[in-house]
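First the structure, in the form of structure tokens, and then the observations on it.
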Amino acid sequence: MPRFATVLFLAGFAFLLFSLTLTLGFGEPPMRAGQGVLDQAVAGTGAANAVSAVLLGFRGLDTLGELSILFAAATAGGLVLGHRRPGGDGPPAGAILQAGTRLLFPLMLVVGFYIVLHGHLTPGGGFQGGVILAAAFFLPVLAGTGAGPDHALLRVVEGLAGTVFILIGLAALWTGGVFLEPLLVDRGALHELFSAGTLPLLYLAVGLKVGAELAGLLAHMARAGGGEA
Amino acid sequence: MMAYAVALPLVAAFLLPVLHNASRWLGILVGPAALVAVLLVVFQSWQPAVLPFAMDLGGFAPPWGITFYVDALALLFCGAVALMTLLLWPRDEGDGDADALVRRRSLTLLLAAAAAGLALSGDLFNIYVFYELAAVASYGLAAERGTPAAYAAAFRYLMLSALGSVIALAGIAIIYFETGTLNLAHLSLLAGELQGPTGMAAFLCLLVGFGVKAELFPVNAWVPEVYGVTTRRTAGLLAGLVSKLAVLVLVRLLVLVFPQEGLRDALLLLGVLGLIGGELAAWKARDMTRMLAFSSIGQLGLVFVAFSLPGTAGLVAGIVVAVHHMVLKPGLFLLAGQWGGGLRGLAGAARRAPLAGLLFVLFALSLVGLPPLPGFWAKFLVLTGLAGQGGGLGWLAMVAILVATVLEVSYLFRLAGRLYSRGDDEVPAAATGGGTVTAGVFGALVVAAVVFAPALWDEVQDMGAGAGDAALYVRTVGPMVPTMISGGAP
Amino acid sequence: MDAYIGPLLFLGAAGLLAIGVVGMLLSNHLFRMVLALVIAEAGVNLMLVLAGYRWDAVAPILQPGVAAQPMVDPIPQALVLTAIVIGVGVQALALTLVIRIREAYGTLDMAEVRARMEVDVAAAGGGEATGSRERPAGGRPLPGPGALPEPPR
Amino acid sequence: MTHLDLLLLVALINLPVAWWLAGGATRRRLLALPYGLMLGMLLYMDPGATWDSGLSWVFLGQSLSWRLDGLGWFFALPTIGAALAAAAYSSGEWGEDFAGAGGSMGWLQLALAANVFAMLVLLAAGDLLTLFIGWELVSWAGLPLMVLAGGAAVGAGIRYITYAMGGGMAVLLGVVLVYVWTGSLVPADFMAVLPTLASWQVGLLVALFFGGFGVKMALLPFHLWQAPAYGLSVGPAAAFLGAISSRMGLFAMALVLVKFITLERLVDLTVIPGLLDSRDVLAWVAAFTIILPTYTALKQNDARLLLAWHGIGQGGYMVLGLVMGDAMGSAGGLLHVFNYATNQAVLLLAVFAVMHRTGTADLNRMGGLIVRMPLSFLALLIGIIGLAGLPPMNGFVSKWLVYRSLVLEGEPLLFLAAIIGTLGTILSVYKLIHNIFLGQLRVEHEDIREAPWSMTGPMLVLCAVIVVTGTMPGLVLGVVADAQQAIGLAVPDYHLGGVTSPAGGLDMLWLNGVIMAGFAVGAVLFYGFGGRTKRVHQLDNYAGGHFLTADVRYQYSDNFYPGLMHHIGGWYRGSFQWLEGALISVVDLLATALRGFYHQAQPAAWVLFTITLGFAWAVLP
Amino acid sequence: MSITELLLELVLMPIVAFVIGLFMVLMMRRIGARLQRRVGPPVFQPLYDIVKLYGKRTQVSHGLMHDIGIVMAVGGYVAAETLLPMPGMNGIAEKGGLIALLYVIMIPSLGLALGVGQCANPNGSIGISRALTAMLAYDIPFVIVIFGVAWHFGTTNLVEIIALQQAGGIATWGAVEMPLLAIAGLFGMQAMLGKQPFEIYVAPAEIATGPMVEMGGKYLGGLFVMQCFQLYTAAVLYVTLFLGGGENWLFFLIKIFAVVAIPMSIAFLFPRYRTEDLVGLLWKWPVMAALIGVALVM
């Protein structure tokens, strides 16, 4: 009976939501805030990628919040899983896997940092790159060739990266601006790597933090999973 | 300056694990130091002459950037966040797990930062982000005890809350579709476009989504489970603090963007149901923690009823009810933490811990509204507002409040009677110390509220008037058609 | 064709959301519930990103040497990015919890987990099973909290 | 610092002082002193004047003010008096024994002081908000006094506070409605607007206030809590509670219903056209409150409960007299507060004195104590004559005024109800005195001594008050007149001995004179003539032809009036108990259902349900 | 009226009442004897009985309350007589009135009950229990009657009630204007006097099992005196309420003796009711009659 009710309500919900969305004007957004953002993105942040401008400039606080959420998730994950000792490793990896891992690791590192650092110019940025970085460090665990990233190091990285993000924001405050205001925007030309002021720095912090958080989470889970096996 | 309210706890949270490894004392001190600093910032900002003011974060004028709106109400909640977190700072549970303690403290700081963000933020999506931050931190804290039941409860809480968040995000999407902006002040100007069913549906999405943490009926079934498995400090934090900030967000939305009469009625109805449902369930509860959990649901119902009242009167009533509950419930949870266990096992507990017993009676009396304790003023304001409003729903709410009070008296004082009964002394004397002392601080706050009642009343009235003034909000945030980007200095 | 694209996309969004919700509510398997949550979030994210779409516009990135032309609203894109990362964090946390629950209770069945949780919660709260109609009436003396085994940490 | 402030201040300071005094055996002897001081201060204040308090502040947009007028003064007198008696009673041997048995004298005295303070705050209420504040304080202050005894008393106390809060909430709603409908809580302001309110509004207010205050008065159907709550308490507390505590309800009723809403307005409110107006309803509630609890008292086997049940019944007379509203009726109702307070205090103090010595209040386990505790017997005798409302005690005067009013107003059935109550009282107080003091002395009570002077002293002083005010009711009627004037009622034409009226007055000076003279004649006839009497052993009697021995169970309380119970025994159905039980069952059922809601398998489903319903509500017009 | 005259009246009224009461007792006994075809006692027999009882050697006291009970029983009636107007003497009737009188005549019952209780005899207590039950039974119709009368005449002042009745001759007598109330009152009086068929609580025939069980010597003598007063009081009260009071001594005596004689004659014709039947009977017919009577009056 509850299942029936659930299905019934769900059908109603989907139908109503769908009919509501039909009244929304698709394809003709009002762009009340969006147009302004597009117009001011370059002048305000120096970033060619408007999405990055929004993420780190206009809505930098969201990004900070998002980083904090990741940090919270990692901390909570650590709290949940941290009580147990690392379990035994799986069977040792074969030669091909080991070689592939070693080969891939620097590649992924490079790709990751590239994506992170070019986030203000091209599609991509700290999140995307950070995930790749995490994957790079997690690779040995997956392949069974190593213990994964060092926990203490990860904690330092994630802590400092987050702090740096905030400190850059506060630096604006201390230099007479407001919190999270992009600094040094005028330096450097559009479309160059060293442009958009502190934006790349922020992205670097984001990338490192995302990478560290995800790597930490995955490592935690891997260890837990290994223990159970 | 107010950015520190968010930034400092975040920095402290990020650095806590690092500093803890570096120096034990630094690790212990950094969290409280950050919270004390936040308190100082709040005190410094509390200047009626400059309130309210808005901050454009990142220097981008609204509606492009994110705005912090600082009025007396936001400051009050910011201060309350810092103070409550400080008072309910996670203690060493004595299990020797330093790592877990650091993580719990980190999460608590994140929770504080998120709560401050919720109080200040004037941007819908930013509110969502902070809400999620608070949610994730509270999932972690819900599981902090490390018992199987805690994991299960935390998971169930997570699923419920995540579904709520999904719905809320859908609501935000709808609003963005309709208006193309996320700034509350801007939305307030565009409120006319959200009058239709789409707007109503969007608000309901947000109501259900944020209502999860606000313990709104009927999406609050996590409450008894989670409070039953966490430490009482966390329960106090969630019930006392986090729920109020979710309510605050809904109130801001209601005041600024959704002034529809029907939505207030919906809120009123849900509040009444929550009130009666919570109190009834509490009446039947067999252990103190869950009794308090259900009672918290009931009180939050009362908060919703209060905030559903139109105009300044409703805001004033709501603020008083909310703050009152914010002070009481953690105190009660702390006492429950001292005693713990089922109601039957509590026979004679107050005889062995007289101070705790007195505090319990004080809290209970204020909760049921014995004048001149603040609970009475809260109830009086709500009832006056409801009676002034009239209407079938208003009368229903009035009767519900009165009946709920009687139920409250019945179960709270049944417990008080048991606490003071001459029980057999089999029950070991509860560990005294921190919990009772902290609860004593809450008790002192209650008493102080009585002593300084008239001054507080003036303050609250100004606060309510300010918070209820949508035009003031819009004026303070600024014109929504900026010609030039502010770029550098504001 | 254009007239149908909007509703179709909306149908997709609502459908994903509905599928996710039904999975969350009707599945009894913890891991599947997490997966369903992922789907539901995908649905909402789709909806969010639709909010910024313009028929006549390009991605909001200035290309060197390309003349300015209409761009889609960048804000929803940024929001979706944020939302996705938030979702990832939540899902990861959910998975850690699932792992722990599996370890503690040896099952991933929601009904069983819930039943055992209720017992545990009740035990932590004084040892009285909630809502049991089997419990005999009358006052049999119950052991105090001290007499009960400590809940495992 | 006005006089009233000073009085309130002394009452407040008395809280710690009482706590401190209760701490030591020698200090305890001074416990009554603060109340004596308060009584002196009260007597110094003229009841005919209005005494303002210097305290007043504005809060929540309401101005809070306190003032003591004739009505408050009149109620303050028995309040402080009862506290004085209770404190004196507990200051000696009783207190030592109580403390020795593990009781907390400090809490007892603190609670007593808190009660007096709370009551004075209530009695000095200057507007509806302060009235409610005082009301709640009084309600809550009573609780510690009740639960001090522990055991069953705790349950009774919690039942009390649940009822009391129910009443308090009704009052609160009434206060709020007055505020919303009239825009003010200051009497002068809202009384100007009240006449313009619609009938349903006034009717609702009347129902709320009468119901709310009625809970404290234990009017039907809210009477179940009172007897156990008062009776099972410890001695002095029970006496204080029984004497005056629930009369605060009458004070509030007099103030709100009679002064603010006015009886004329009550008469205008028709319940059944042509047959019943709201004043009649109140009067009938009072009448049933007289009858049912009185006859419940008749069935009690515990002396304390028996008296406590009578307390409920006597409250009915007060309300009945008050709502009659004419000069005599209201004077009788108010006078009965004072008279009843003296009677009940004496009775409970005497019963607890007996209990102090024998360790029991069970009417089946006592008897013949008159030879061991003659002073207590005398006190109880005077008390029951007063309670039953027979001349020459003061209880007769107040009841006479009520009867007189009912006759003049032409209320035969109410009059009959009042008389039936009195007759029932006589029956049950006879059972009380008979089973405690008359009949055979039990073996285990052979060595009982009279209660100490610290206990008999207050009783005898109160007895003197009963007799003096019974003979010279004018002493109290003067104050009653001030109280009546304060709430805008007509004042009877009173003099020292009673009242004069063209339709038949009363002069207790003469009446008591002839009664005393009659007794003197009887005494002369009895003692002056005939042979000398010879005292015999209690078992040396005819006993229907065979000799009694000590093991024959003689004293009994169950079915003491078999002939009567043959008729009315079947009417004791416990309907109200059933009603209360049913109410609790309903709450329990709902609570169980709600708990089911919070114990469901998939709570997240409610997110879906709610949002779907919400969407439907938003989309559908 | 000067205070000395009043005091004189107060002294005279009980004495006159006692004397009349003695004769009533005599009449009662004579009626009983006639109905049983006996001669009956001599004129002064009631007085002799009292003297004899007072003079007995064995005066067993069961305690102070035993004595005081008798004092209250007699004293109460002595006081009551001063509240009942007789021709030419009003005593303090105007200072008390009907309701006060009703309650004053409860004092003797209470005294008796207390006295018997002290005797520690189970049968005595049972007798008192019955007596009090009977009081509850007969007082209910009786107070309705009293209410009706008070309402009808608009006063509780007995002097005025008499004056109002005498003003219009027989036509304004209470019995004429309120026949139902008069009948109900007669019922009540019968029970109040404890005469057949309502004499179970006095139990004169089986003294060992009634309230009188421990009453000997001057205790019984006191009760004898009380009975005289009781008869007188009941008769005068009835006459005052329904038969216009005493215009002069002749009519007064005729009326009160007639009032006593009628029920006395009926009394011996009936068997005795059990207590519960007595209650049932008195709560049924007299109450009904009285209520209808009041309804007619109002």
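We just call them A, B, C, D and E in the order they show up, numbering each chain from 1.
Definition applied: a contact is a pair of C-beta atoms (placed from the backbone, for glycine too) under 8 Å apart; a residue touches a chain by one contact, two chains touch by 3 or more.
The structure displayed is predicted, hence computed values, not measured ones.
Q: Give me the fewest steps it takes to get from subunit B to subunit E if each step has to go to a chain it touches.
A: Minimum step count, subunit B to subunit E: 2.
Q: Any chains in contact with both subunit A and subunit D?
A: B, C
Q: Compared with subunit D, which chain's mean CA position is the farthest off?
A: Max centre-to-centre separation from subunit D belongs to A.
Q: By mean C-alpha coordinates, which chain is most distant from subunit C?
A: The chain farthest from subunit C, judged by C-alpha centres, is E.
Q: Which chains share more C-beta contacts than any other pair?
A: Contact tally peaks for the chain pair D-E.
Q: Using mean CA coordinates as chain centres, what's the gap between subunit A and subunit E in Å?
A: The computed centroid separation for subunit A versus subunit E comes out at 106 Å.
Q: With centres defined as the mean C-alpha position, give me the subunit A-subunit B separation in Å.
A: Inter-chain centre distance comes to 29 Å.
Q: Can you compute the centre-to-centre distance for subunit C and subunit E, using the mean CA position of each chain? Integer Å is fine.
A: 91
Q: Quick one: report the Å distance separating subunit B from subunit C, using the average Cα coordinate of each chain.
A: Comparing mean C-alpha positions, subunit C is 23 Å from subunit B.
Q: For subunit D, write out the residues touching at least two other chains, lowest number first.
A: In subunit D, the residues touching two or more other chains are 592, 595, 600-602, 604-605, 608-609, 611, 615, 619.
Q: Where in subunit C do residues touch at least two different other chains?
A: Correct list: 17, 21, 24-25, 47, 50-52, 73, 75-76, 79, 82, 86, 89-90, 93, 97, 100, 114, 130, 153.
Q: Enumerate the residues of subunit A that touch no fewer than two other chains.
A: 6, 10, 13, 16-17, 20-21, 24, 29, 31, 33-34, 37, 58-59, 62, 65-66, 69, 72-73, 76-77, 80, 83
Q: Using the touch rule from the top of the page, what pairs of chains touch, sorted by label?
A: Pairs of chains that touch one another: A-B, A-C, A-D, B-C, B-D, C-D, D-E.
Q: Over in the complex, which subunit B residues touch subunit A? Could you list them?
A: Interface residues on subunit B, with respect to subunit A: 3, 6-7, 10-11, 13-18, 21, 55-60, 63-66, 97, 99-100, 103-104, 106-107, 110, 113-114, 117, 121, 123, 125-126, 129-130, 132-133, 136-137, 139-141, 143-144, 146, 151, 154, 170, 174, 177-183, 186, 190, 196-198, 201, 480, 482, 485, 487-490.
Q: Spell out the part of subunit D that touches subunit E in their complex, as residue ranges.
A: These residues of subunit D touch subunit E: 368, 370-371, 374, 377, 381, 385, 388-391, 396, 400, 403-404, 407, 410, 412, 415-416, 419-420, 423-424, 426-427, 430, 433-434, 438-440, 497-498, 502-507, 510-511, 514-515, 517-523, 525-527, 529-536, 538-545, 548, 552, 554, 560-564, 566-567.
Q: What does subunit B use to touch subunit D in their complex?
A: 156, 159-160, 163-164, 167, 197, 200-201, 204-205, 207-208, 212, 218-219, 221-224, 266, 277, 280-281, 283-285, 294, 365, 368-372, 376-377, 379-381, 383-384, 387-388, 398, 402-403, 405-407, 409-410, 413-414, 417, 420-422, 453-454, 457
Q: Show which residues of subunit C lie in contact with subunit D when the two form their complex.
A: Within the complex, subunit C touches subunit D at residues 21, 24-25, 110-111, 114, 118, 130-131.
Q: Inside the complex, what are the residues of subunit C that reach subunit A?
A: Per the touch definition, subunit C meets subunit A at residues 2, 5-7, 9-11, 13-15, 17-18, 21-22, 25-26, 47, 50-55, 59-64, 71-79, 81-82, 85-86, 88-90, 92-93, 95-97, 99-100, 102-103, 153.
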